[in-house]
Amino acid sequence: MSTETAAPVQMVNVQIDGVWLQFPKGTRVIEACRQAQKLIPHYCYHPKLSSPGNCRMCLVEMGMPKMTPDRNPVVGADGKPEIAWIPRAQISCAQDVSEGMGVRTNSPMVQECRKGVMEFLLINHPLDCPICDQAGECKLQEFSVEHGTAESRFLERKVKKPKSVELGPRVTLDAERCILCTRCIRFMKEVANDDVLGIVDRGTFNSISTHPDRILDHNYSLNTVDICPVGALTSSDFRFKMRVWFLKESATIDTNCGTGSNITVGSRENVIYRITPRDNEAVNGCWMPDSHRLNFKYVGSPERLKEPVIRPQLGEEGPTWQQAINLAVEAIKRNAGRVAIVASGRSTNEELFLVKRLATALGAKVDILPRSGVADGMLIAADRNPNTSGAKLLGVATGQFGEIVAGVKDGSITALIALGEDATKAGLSEEDLAKLDAVVATDILPNKTTAKADVLLPVSAPFEKRGSMINLKGRLQRLNRVVTAPGSARDDWEVLRDLILGITGSNGLHSVEEVFKAMAAETPALAGLTLSRIGDLGVDISLP
Amino acid sequence: MAYVVQRPELTFKEKAYLPSILNGLKITFGHFKKMIKGETKVTMQYPEEKWDSQLPEHYRGAPTLVKDEHDRERCVACQMCEFICPPRAITIKPEEIPSDNKFAKVEKRPREFEIDMIRCIYCGMCEEVCPEQAIYLRKDYAINGLTRAEMVHNKAKLYELGGVFAGLVHKWNPEK
Amino acid sequence: MTLTLNHYLLVSGLLFTIGFAGVMLRRNIIIIFMCLELMLNAANLSLVAFSRFNVGADGLPNFNAQVLTFFIITVAAAEVAVGLAIIVALYRARQTTHVEDINSLKF
Amino acid sequence: MNPILFWLFSILMLGFGISVVANRNPVASALSLVVSFFCLAALYVGLDAYVLASIQVVVYAGAVMVLFLFIIMLLDLKAEVRRKFNRLAIGGGAVVAIGFAAQLLGVLGSHPRGDQPFPALKLAEGETLSDLQKVGETLFSQHTLPFQVIGVLILVATIGVIVISKRELK
Amino acid sequence: MMTLAFFNSIPWEMILWAAGKAIFVIFLVVLPLVSYTVYAERRVSAAIQDRVGPNRTGFPTTLLGFKKDLQLFLGGLGQPIADAVKFILKEDFTPGGVKQFYFWLAPCLAMLPLVSLAFIPFGSSLFGEKMVIADVNVGVLGIFAVTGCSVYAIVLAGWASNSKYPFLGGIRSSSQMIAYELSMGLSIIPILMLFGSMNLSDLVQYQADNGWLLLPLWGKGWSWERWLMLVPLGISFIIFMISVFAETNRLPFDMPESETELVAGYHTEYSSMKFALFFLGEYAAMIVGSALMVVFFFGGWSLPFIPDGNGNAAPLFQSIFGGIYALLPNWVWGLANITVFFGKVALILIFFIWVRWTLPRFRFDQLIKLGWLYLFEIALANIFLTAAVLAFTNSK
């Protein structure tokens, strides 16, 4: 062995299904096989957790180099070491690769083992797939089809265990479906640092339970539902709402805090049903907090603003968009030089770019409304605005908010444009707003500012628009459209474009791609990028 | 593999086309004449004569929902039929069975189960896919109504048409 | 009120003017082509009016003008067939029927 | 001709003529043109030119405009509807058109017999004008050569159309 | 000269006559004829296919609370009424994305073929008035002018529906119509050459006196020249008939609406009364086509042994039966002529139906090839043949 090359990581030669490959030392066999495009079925193994090796699904046939009596490998006719195969199958998830190791992932013995393991796992399984929420993304179903037998030989009575147990406010357990892989226990112990779950009872009556007097109420508890390979742990929120095969899965990002977790949103016929984390090592790994995951109900709220409103109302019929925009433009022009813009840190870069243009055209003061909370040290950042970095980069976060408030109070500002933010949350009172000559507001839900707005323009929620955001670590990520906006609500950037068009009279942009292009041309940090080049996982950019 | 059909060589008479047309007209006129003379055996006269008693066992009429002999809804709202339905005639809204219900163990049932009989094509896929043997195509074929809303069979209507289907599905047996 | 020759000539002239304006205003070849048809028909109308106006010694209209109109209609039909074929060929080559987009011969 | 009918058909004809020019949708233009030609045929009838009226309808409404419509639908000119009119062209066109109309009025005013009514036709009692026969006689006796030439022209046009539409422009 | 007179001066009694005749023809004859043609189509097709067809129409008395519907035992003759009621009551659905104005305009234009009935003499005379709405010298041209415009309904319907099948139907229709109008027009020219006029009532009168064009048995028809003329006229008749089939979109030429390829072609997106208008328009076009065939080739209202509305028959019959004709008042004979005309039309309509349920549909390229490559050329050659025959017979 030539280890003199001073490689940072030692590589070892491993034979997988007859092919010799090199892997860094310390790689688990199951990972090595995965990298060699040989997927090994597994339940308890999870790359982010420790390996107890208790499901026995990942059995493979292994062998070590045949040794001569003087401890030298026997070299075969092809110049490679001959392998002495271990006569019984080994689990691949708890074993690291070693030099000269041989692995057979699909030999007759391995197939026979898997069949047996599958049969054991299904002995007490209730087979209630028709009502199980996991059906469709259940590893038991998948591997049973792939490796199991079609019929049951079990004639005895199945063990009855508690069903529909509420482990916590958000997680429901069906103990009959559980295969005791302990992923959830290890997650709570190793990742969430809240060792609340454990196995109680003995033998065939083994079942998952919480610690006495404790409940599973950690803010990351729903991740156990994600990693549960079967339907034992289900989300109480999503329970019996929709079968997973109906869901259209769209990749986008979370907009609840500055972390910008990558998420997959499941929707059907314009209704969002659930949000699951999406793997992205650079941002959130494969986890996300429950509070962010469940914060999507407002999108389908019946209170959503659907049509533009002007006050005083013209007549029975609401105004058309053109009328509302014209009125807004007129009101802004009337107060030229005395306009302030309350921008939002929840806006996409494209919107903020247009906000900056609008502010420049009007010579208006602009700032984003700060929004902060407590960081939990994991995936929730203290800054609850998802795009503060973008606002800073594009020059919208100016720190002038105090001046705006003061200006409104002393009367030097007579018109306010509130873009998706409630201005009363940052120092302005409703009386202050009432005093203003004109308030133009865009928002998705009614609030105190929209109640005072002279022109109210309904816009899209984060799940309803496209664009890009920059998280606190400086990663540019893409926001995608999952559902369409209700009523005649429009994308924010379109509204801003129309306002700019009305005020400056210059020609407009026609798509969000064009806005990004214009933004990339003016912003050195984004040079060379387009919306499609960002990709699903985002790119790191250097913030000034 | 492509199979080339050799076109037959046509005689001049055949190419001229008109004699063949006359021949065709003769044939159809023959049928017409027979019909007029009453020599043709005609089919069943529907509203008076009906075939209902002779409908075969596999006849595919209107899809219905059935209950078991304990008056339990067999449907557990797995939505497989909604998924498989080619014209997307089925709409199901599931709900959890409340814990005080005697079938609480089953956990899930349809809150709304609608089959749009205007869309239904009587293909029987729903019956075939149902894992709970809850949906059956019965022998009703004269489904009609005066409004569109009437043609959407809701849960109550479906159970009314379906009735009871005896025989315990194994897995809901509390003993087993 | 009795109708005079001028009435017909006025209507004919106005129709011609409309067609002419159309050729000037519109940039779509097909519309321009239709406007040309309008102009041809305006000319036909005045011809027919003249034919009826010049009653000969036999008490009948002058049919030479009607024959000329007949020729014009014939030529117009041929012209339309050829013109539309050219437009289709042009559209196949350029995907446009707009005269401003067809400017290879312009400098 | 009855003056009321004359004015009715004239105004309809001119109105639909304007609609040919003003309509943004080519199909609407083509249909307006058809209506305009129908009114023109009616004016021909008022001038006792029944044959020409029929030919006008047969040739224009029955064949030429069907061809136009066919081509318009085949080419799918959606973009045309969205295009804006060029303001300069509208202004220029309007000026030229108005100038032309003004000149027309001047010329009409100086026409020596323009204000005379149409003379009556001399027809035997109970006889109707058989203009079909007369047009035919004139056509085949006095204008035989042009008639033949027109025939050749149509033949050439037919061949030309086939050649143009068969071969793709390179 | 009704319509033409209207243009130049307005004799009111003429307008009233014209309006009366139009109302009589369209509302009392043609529209019932259309609806019963539909009925006949269904019954005949059923008989040809060994079925029964619509043989019952009851009054829905159950709606009024009775236990049973009242059966009429008319063999289904009430069916057209039921169909009409059904069409009126059905939901009138306008799909999204259609071009509203043209979508409505198209079915209205579908009734255009009825206009050409104005030129067709449907009877000899009644109470001294000629039974033709517009007795013009250019009747043939007028008919072609109107039928030429009937394509607009189909093309517009296809285009306005904003749907691919109707659009294909519309496009097919326009090319088919242009192709077959030519051979149709050319096939009529031999008749015009023989007869020398475009006035249809004169043509029918000529046939009444001298034998039908396809049945020259009396008057001049006894001459061998007329029998020689049968050759070009027979060719004309076949070409004309085929062209009429194509022009009216009847099978075997119903390419614009062939249901196996284009769902229902140009009227796929239409429902209720708008669809009914297309339906009626198609059958009205059929009636017009049949009427033209009757007028051109089968002697119009004339029937041997039956005199015209003035009590005059062809000289041959007049000399034999003249006394019998005088027994009945003239208006009886006038009505008899009208009956004869529509009876002939009905026979040809039956033939239309018979052909439809016999022949399979052509392929579109075959259809166009037949039109342009065979019928057009044969019709042209036929004109030369007619000219030769006429020159030959005149020189003798």
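Should a chain be cited, it is by its letter among A, B, C, D and E, assigned in written order, with residues numbered from 1 in that chain.
Just so we're on the same page, a residue touches a chain if its C-beta (ideal position, glycine included) is under 8 Å from a C-beta of that chain, and two chains touch if they have at least 3 such contacts.
Not measured: the values here are computed from a predicted model.
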Touching subunit B and also subunit D, the following chains: E
Can you identify which chains form the pair with the largest number of contacting C-beta pairs? C-D
Chain closest to the assembly centre - both centres taken as Cα means: B
Which chain is most remote from subunit C in terms of Cα centres? A
Quick check: how many Å separate the C-alpha centres of subunit B and subunit E? 44
When centres are defined as mean Cα positions, the distance from subunit C to subunit D in whole Å is 6
Rounded to the nearest whole Å, what is the centre-to-centre distance of subunit A and subunit E, using the mean of the C-alpha atoms as each centre? 71
In whole angstrom, the CA-centroid distance of subunit B from subunit C equals 62
What are the residue numbers in subunit B that touch two or more other chains? none
Going through subunit D residue by residue, note those that touch at least 2 other chains and give them in order. 1, 48, 51, 55, 63, 67, 74, 131
Quick one: label the inter-chain contact graph as line, ring, star, complete or other. line
Which chains touch? The pairs are A-B, B-E, C-D, D-E
Counting only contacts in the complex, subunit E reaches subunit B at residues 44, 46-52, 238, 354-355, 357-359
Touching residues on subunit C, where the partner in the complex is subunit D: 1-11, 13-22, 24-28, 30-31, 33-35, 37-38, 41, 44-45, 48-49, 51-53, 55, 58-61, 63-64, 66-67, 69-71, 73-82, 84-93, 96-98
For the complex, give me every residue of subunit B touching subunit E. 18, 21, 24-25, 27-29, 31-32, 34-36, 40-43, 45
Touch list for subunit B against partner subunit A, complex: 76-80, 82-83, 94-96, 99, 105-108, 131-132, 171, 175-176
Would you mind writing out the residues of subunit A in touch with subunit B in their complex? 126-131, 135, 157-158, 163-164, 239-241, 243, 245-246
